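Look at the two complexes coming up: subunit A is in both, with subunit B in one and subunit C in the other.
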Partner chain A sequence: MGMLVTAVDDKITKVMLNGRLDTVGVGQIETSFAATLVPPGKSAIVDLSGVEFVASMGIRMLISVARAMHQRQAKLAIYNATSLVQEVFDTVKLSDIVPIGRDEDDARRIVSS
Partner chain B sequence: MKMTLDASSPREGSPDPEARRTADVVAFAGSRAGFERALGGFRAILDRHALEPRTRYRCELVFEEIVSNIIRHGCADDQEHHISVTVAVIGDRVTLHFEDDGVAFDPRQSVPARESVGSDSGGRGLALVRSVSERIDYERTPNHENHLDVTIAAGPNR
Partner chain C sequence: MCSVALGREVFRYAAGDVPQQEPDDPQRPRTTPRLTASLPTFSRHEAAQPVEQVFSLVVAEGREEGRRIALSERAVIAGRDPNLDIVLPDDDVSRLHCLISVVNGDVVVENLGSTNGTFVNGQRVDRRTALPVGGVLRVGEHLFRCERCTRRDLERAEEEYRDLQRAASYVQTLLPPPLLDGPMRTEWMLQPSARLGGDALGYSRIDDRHFALYLIDVSGHGVSAAMLSVSVLNVLRERVLPATDFKDPVGVLSALNAMFQMDRHDDHYFTIWYGVYDSFDRLLTYATGGHHAGYLVPVERDHARALKTSGPVIGAIAGACFPAAQTDVPAGSVLYLFSDGVFEIRSAERQLRLSDFTTFLTLPIAADGSECRRLFDQVKSACRGRPLEDDFSMLVVTFP
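Let's turn to the complex of A and B:
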């Protein structure tokens, strides 16, 4: 599981995830993912185009970090999920908790609003 | 019948149906380390069946959610536990047969109360299993094993 972090601007962080957000993958990145996004109190967008598989552990990680960021008045949005991953998100109604953008511009608009 | 540990390729042209059957079984210790080792064997089995991408995804999702649930809840004591998973592909349907010797747990009874999306509990995983399954059968055997069959629905998301 890989994670690439870049600054979009001084208010938004962009994270590109690669690999599988299953029990093994989440175990590999959860600590650094949370440590990167929560303490700064900046909003963030997460590009999931490189994530081939998401299970409940991955959903739990996204919700947990989004809630922690919300407590610091920061927002998290995800985008570019594959169609199969999006089906999983739709099943659990993830967008009720973590906004899902159509693309990067949409995700940036969501966290900037 | 006690299933054997074998996730290797079936022997080329083997006339023995039992040999082919055992090749689609992955067996492992009921622990996080066992789970991680078994994942590769399970995915190798799926590779051999050349499943349609959505069906393949659903198989991996059911494996992930059921096995992690067994380890988290069924194998949480200090005892050694064993899990086996058999893959049966018939037409466009895949049935995953799980056996474990952990505490009794019927996932069919546990889903509704814990499937809230807002929950951080493992109930979300069982809700996912239910959403991609055509049929779920569970039995607690007289020799204290859980036997669970999950038949995965092929085709479009339901």
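Let's turn to the complex of A and C:
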């Protein structure tokens, strides 16, 4: 599981994830994902185009971090999910908890609003 | 000087340190008596005694990941046979697959005629082969690492393994027995991918016309997921949600959502399919919390009707709404409820999805009536015998 962090600007962090967000993949990045996004109190967008599969542990990680960021008045949005991943998100109604953008611009607009 | 013996240690009070028995005066500063301990001493010979080291196999990948198995001169056999020391219930593992033992201070592996082969560090074993410490043994999709550890560590690991087995057996005792006779019949299968799983299921008669059935899937698997699934299962079994009518799926899911918010449960959420069958009106009322559809297949088996509503996962949103829906239940219909571990599998070529699995549902019913086994075999066949990555849970209900 790979994770690449860049700064979009001084208010938004961008994270690109690659691989499978299953138990093994989540175990590899969960701590650094949370440590990168939660403490600064900045909003973040997560590009999922490189994520081929998301299991319940992956959804749990996204929800937990989004909730922790919300407590710091920061927002998290995800975007570019593949159709297989989007199907999983639709089943659990993830968009009720973590906003899902159509693309990077849409995700940036969501966290900036 | 007085002394007090506690186990192997002797504590001595110096004369002035012994507290006097006086009336309790809250203004008086409390002093702690000064203790000097006479600790046991060891001779140089005792301290230098070597700690006994033993060989063990650690499951690095496979169904019992983390389990540690003792190795000795007495050979252990791995294979599909359920009576073996190492049971590997996969299609690409032979009944008696390979033998592992310690010979002249080395761990050695022998293939027992398995056609799929046994591998040590990637090399196929065709004669007795040494497995060095740190080396990897592969049997089918299962990987074992050879390690040396102290006997004490090994005993601790074995005790932990037995504990987990007892916990898994406790979870099984919470599940209802299959209903084999009577107008409504049920069967189920629950196969955790780890030693403990996060799935649970159940059903019970609420009154003479209503029958409740449900399946829950806690995020992740393993001990913490299992503990939450047992909590939820007990709440549903004993019907102890406050001010809740268990004939009302909306009320049940709303009450569960209030009771099991993620921030109070180690950030775990769960999904649920909950339904109530009214046998007088032949109606099934159901609601889902982040769970995929259950499927109702009529006796003609010409289609599978998806039964799902749009509620979110349980625990993520305080005060979330959980709509319900209703369907008629034609005589002889079969309802299939299952966890996502049933279809979130990888074939040799790709990741499968729900629609791949639902095509299996309308195939002819199993000759022996065991639909769970038929579908489990279909799934195992689809993933080419690889171990399942998630819990496989299924509840099948045949309506009168």
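Everything that follows uses one rule, which is that the second predicted complex is superposed on the first by the 113 of 113 C-alpha atoms of A that agree within 3 Å, B and C clash if a C-alpha of one lies under 4 Å from a C-alpha of the other, contacts with A are read in each partner's own complex, and residues count from 1 in each chain.
Everything below uses one rule, namely that contacts are C-beta pairs under 8 Å (C-beta built on N, C-alpha and C of every residue); 3 or more make two chains touch, one makes a residue touch a chain.
All values reported here derive from a predicted model rather than from experimental measurement.
Residue contacts after overlaying the shared chain place A:70 against neither subunit B nor subunit C.
When the two structures are aligned on the shared chain, A:92 is found in touch with subunit B and with subunit C. Looking at the shared chain after the overlay, A:60 reaches both subunit B and subunit C. In the superposition on chain A, no contact is made by A:102 with either subunit B or subunit C.
After overlaying the two complexes on the shared chain, residue contacts for A:11 are found with neither subunit B nor subunit C. Where the contact sets of subunit A with subunit B and with subunit C meet, they give residues 22-23, 53, 55-57, 59-60, 63-64, 84, 87, 91-93, 96-97. Listed in rising order, the residues of subunit B touching subunit A in the complex are 32, 35-36, 39, 53-54, 57, 60-61, 64-65, 68, 117-118, 120, 122, 124-125, 127-128, 131, 157.
Contact residues on subunit A toward subunit B in their complex (touch as defined above): 22-24, 53, 55-57, 59-60, 63-64, 84, 87-88, 90-94, 96-97.
Within the complex formed with subunit A, the subunit C residues making contact are 217-221, 262-263, 267-269, 271, 290-292, 310-313, 316-317, 320, 340, 344, 351, 353-354, 389-390. Those residues of subunit A whose C-beta lies close enough to touch subunit C in the complex are 22-23, 52-53, 55-57, 59-60, 63-64, 67, 84, 87, 91-93, 96-97.
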